[in-house]
Amino acid sequence: MAKILKEKIISVEEIGPEVFKMTIESGYVSEKASPGQFVNVKCGDGSNPLLRRPISICDVDRKAGTFDLVFQVRGAGTGILSTKKPGDEIDMIAPLGRGFGIPEGAKKIGVVGGGIGIFPLLFLLKERKAIAAKENEPLESIAFLGFRNAENIILQREFEKVADRLLISTDDGSEGYHGFITDLLERELERTKLDVVYTCGPKPMMKRVIKIAAERNIRCQVSLEERMGCGIGACLVCACKTKLGDGWEYSHVCKDGPVFWSDEVMLE
Amino acid sequence: MAKILKEKIISVEEIGPEVFKMTIESGYVSEKASPGQFVNVKCGDGSNPLLRRPISICDVDRKAGTFDLVFQVRGAGTGILSTKKPGDEIDMIAPLGRGFGIPEGAKKIGVVGGGIGIFPLLFLLKERKAIAAKENEPLESIAFLGFRNAENIILQREFEKVADRLLISTDDGSEGYHGFITDLLERELERTKLDVVYTCGPKPMMKRVIKIAAERNIRCQVSLEERMGCGIGACLVCACKTKLGDGWEYSHVCKDGPVFWSDEVMLE
Amino acid sequence: MADLRVNICGIEFKNPVIAASGTFGFGREYSEFIDLNRLGGVSVKGLTLKPRPGNPPPRIAETPSGILNSVGLQNPGVDAFIRDEIPFLRKYDTKIIANIAGSTIEDYCKMAEILGDEDIDAVELNVSCPNVKAGCVAFGNTTAGISEITRAVRKYCRHPLIVKLTPNVTDIKEIAMAAEAEGADALSLINTILGMAIDIHSRRPILANNMGGLSGPAVKPVAVRMVYEVATSVKIPVIGMGGITSGDDAIEFMLAGAKAVMVGTANFVNPAACIDVVQGIENYLERYNYASVNDIVGKVELY
Amino acid sequence: MADLRVNICGIEFKNPVIAASGTFGFGREYSEFIDLNRLGGVSVKGLTLKPRPGNPPPRIAETPSGILNSVGLQNPGVDAFIRDEIPFLRKYDTKIIANIAGSTIEDYCKMAEILGDEDIDAVELNVSCPNVKAGCVAFGNTTAGISEITRAVRKYCRHPLIVKLTPNVTDIKEIAMAAEAEGADALSLINTILGMAIDIHSRRPILANNMGGLSGPAVKPVAVRMVYEVATSVKIPVIGMGGITSGDDAIEFMLAGAKAVMVGTANFVNPAACIDVVQGIENYLERYNYASVNDIVGKVELY
């Protein structure tokens, strides 16, 4: 259950160009959060910016009782967020949304992330790994991460720790594979079988991942973004089309998502 | 001439209940400012609060190149201002307005201040004293300051330094004279002659001071407050009635004031 | 403790704070954050005769101290409301206002009729939604339109009838008086102000619907003015809204003449906004020693 | 560097940024902060036939992301303007727009006539000031009113005639088309939105005039919508304003259809606002490789 929380910021660090990692102390979130969920943060005081900003939970340290947000500065809200200092209080509603699901017997998982879409995937890999270890289950994971260029690569070490393999591409070839991360995914699928693919990032990338997975009968989950109002399912602004019989209906990213099965959602 | 300045805050200190003293580094203001002038401060980023806030220059250290603002937290603007930290930048337009004037041969001056109205009077006394010392002129000054109660008394030491005598009243008698500061003024005028009286504070107090001075043919200046827009004389919102022949016209507090001769302004 | 009860056309609200239509769903989501028993009432998401999918996303844009929305009345339809939502809300001790909208006068009448036997406390006629193409706002922005629809629905409506006014008009007093003349029991205002925001990088509107309705603190001064104008023009009670985020804001509307207030956009930022407003009103009444909240209604003293 | 020049009814502005009437005085005060030569133009403080003292203070109230003002056209009168202010402003290479207001149609006509031989570039008809009791806004909020006054003044006005529209209307397109039909050479909008703010402690309005006009960022989405509506309804050029504080804001208005923009309230916060807007427009044009600012006018692509 989500709560309105006022938590303490432990650290704020610029980990890439205009990308900040914020560690927050929260017994509640670190206990309750599951991968793919997000928090809705009040960035400034007063009414400008008025709305909260949705940010994915990127990492959780359940023992320490802390969790991480990683965000890119895009506008007023994230701009103010980046100026917060350790010790400052942060007002959020958390944890929110429906996170990633695990299909029965999925032992080989792939995550495909692009740009700021990679953040929820880190928590997912970490959590899967911890559960597998605890339950003594086999698990193989590959992370496919696409970036603009070498300079924009972030969280590499963190992903290396939680994924068995990490494949990186850059648009300009300045590091890793030169080209789309989905090309790497396709190539890899020529020799490796995956049970499930999780993806988050730019829409064209996710669409391509969905197609690649569908063609190979691999189950696939996508994490969507949509402009939000309330973040809790009441205002109905964060609509996305999902299938309903032969037709469709509007579901809501904040409550029915942000994670959807690729065969239930209709990306446009 | 006023400029748009971005200056550095040296210190912020709570010197009374919800009253803050802020010391700001500014070669420009400390050189150009004269007593009675004010600065127009941008309190927050963005558009809420939108307008700048007028605050009197309370003290200037011309040698150190700094000046002080003292302000009481009243609403959003002064609230934000009170949370500023040393090292922060502060955006202001300064110095603004027409300050206190000195009539020919005024050697005995009185200042009468109430509550947050006392701030510009400190700078006035200090400056008068410095000039008198420099030009080797005689000067006698008395400060009459009225407060709500003992707890609200501020800047006592500072006034003691620059005034020959300091008389204090409180509404509840918890320190100094029990009653209106204007009663003290009247009493004092029974034995002391003043050449000019300067006053700043609540309107009823200023009106009473004007009357007392007028009855005794003492010249008198008042420093007014009015809600402001531009602070530079362009938007015409800060109107106050001044005499024009047999009638009146609207002058503007930010440009024609905030200091007016008591016989030119019409307080309502 | 001051008496917070207000009586509006026979309905006794335990306090004058009502969640505004479209911003509170049917209360379910907020019930996880606050105790709905503490609300004066809930005006539910705007209902239509048949379920409506609403407009394509994006449906929200942020503007200085405000938001534009173009939800377009996504709702499950009046039957689903009766079946699924009334029983849920009735578990709480709070008043239920059914906000209804349609594209034809017949739609409105049918809905009023269907709701006639249902356990709700009032019907709020939404003739001011700027986000649907046919009907709705068209009824709300002329005196002829508002007269016709109020007269028609009045006949079918067995509950107290609140007519919700649009601010997108030259003279809201006229519209208000027309609604009163045709039998409205109360008026609520303001609905959203029509606005537009453009993404200068994509050079397209931010909302897929191109335009949307402005709400939030930005509109407060316009809303207070209109509430004042309407409250001094009609005899029926006025429910004020538009940008209320605190008890102080609510007091401003009540001084201007609102007997109750609705809280909308503020819920998005603070799910406990309605409760905070109740508390703020109580604090104000206590500070100034008012025995009842009714004592401040319309008490602004003009210059 | 992109070409910033815009031609509006025969007047060539060096750039599309004009200081909005009533917020910039006659430019004197701002000339201490910025180089007036860098402005496209200045629309001067609203003029009346005779000097006017204006309304009693307080004349300003702050609201979320906006302000209410009730200056009430304090000005030295058209003769003093001609005598004292035109010579001052003419020293600068910027266009002068005389904003005129009155309580009767005759007032407006007389002023237009008096200004006929004067060295100004255009006349802006202020039929939308909400802060004076007689006349003014009354002419601006009906098609009949706007038609009558535009027709009358058009006969006396030898300069290009800009009609400034009020947003306090149900359908601004109608009003705009009526002004166009009667010979307006250009339209400017929006003037302020009527609003009210109450001090809940004194229980009195904050403005001594009780009500005032809302301006600043809060009104931007309403202004952009109206500019879009008007620009797509008339053939004459449209000058957009309402809440512009940056080049990005100005671009939003131009994409919506404004050929030039006016900057008002932002000057109070930032005396260099107009210059910053010019610079911001230039940056945008460069970033997206536009040869001329005219290339973006009306270029919003609707969904």
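Worth pointing out:
Chains here go by letter, A, B, C and D, matching the order in which they are written, and residues are numbered from 1 within each.
Everything below uses one rule, namely that a contact is a pair of C-beta atoms (placed from the backbone, for glycine too) under 8 Å apart; a residue touches a chain by one contact, two chains touch by 3 or more.
The chain list, named the UniProt way, goes like this: A, B = Dihydroorotate dehydrogenase B (NAD(+)), electron transfer subunit; C, D = Dihydroorotate dehydrogenase.
Predicted model only: the values in this text are computed from it and were never measured.
Chain centres were defined as the mean of their Cα atoms; on that basis the chain farthest from chain D (Dihydroorotate dehydrogenase) turns out to be A.
Note: centroid distance chain A to chain D (Dihydroorotate dehydrogenase), computed from Cα atoms, is 47 Å. Note on chain placement: the centre of chain A and the centre of chain C (Dihydroorotate dehydrogenase) lie 37 Å apart, centres being C-alpha means. Note: centroid distance chain C (Dihydroorotate dehydrogenase) to chain D (Dihydroorotate dehydrogenase), computed from Cα atoms, is 33 Å.
For chain A, the set of residues touching two or more other chains reads 47-49.
Residues of chain D (Dihydroorotate dehydrogenase) in contact with two or more other chains: 56, 61, 64-66, 216-218.
In terms of which chains touch, the assembly is arranged so that all chains touch all other chains. Here chain C (Dihydroorotate dehydrogenase) touches chain A in the complex through residues 22-25, 28-30, 32-33, 45, 53-54, 56-62, 64-67, 69, 71, 74, 206, 216-218, 245, 265, 267-272, going by the rule given at the top. Put simply, chain A touches chain B in their complex at residues 44-49, 76, 80.
Remark: chain C (Dihydroorotate dehydrogenase) residues 64-65, 217 touch chain B in the complex.
The part of chain B that touches chain D (Dihydroorotate dehydrogenase) in the complex is made up of residues 1-4, 42, 47-52, 93, 226-240, 249-250, 255.
Interface of chain B with chain C (Dihydroorotate dehydrogenase) (complex): residues 46-48.
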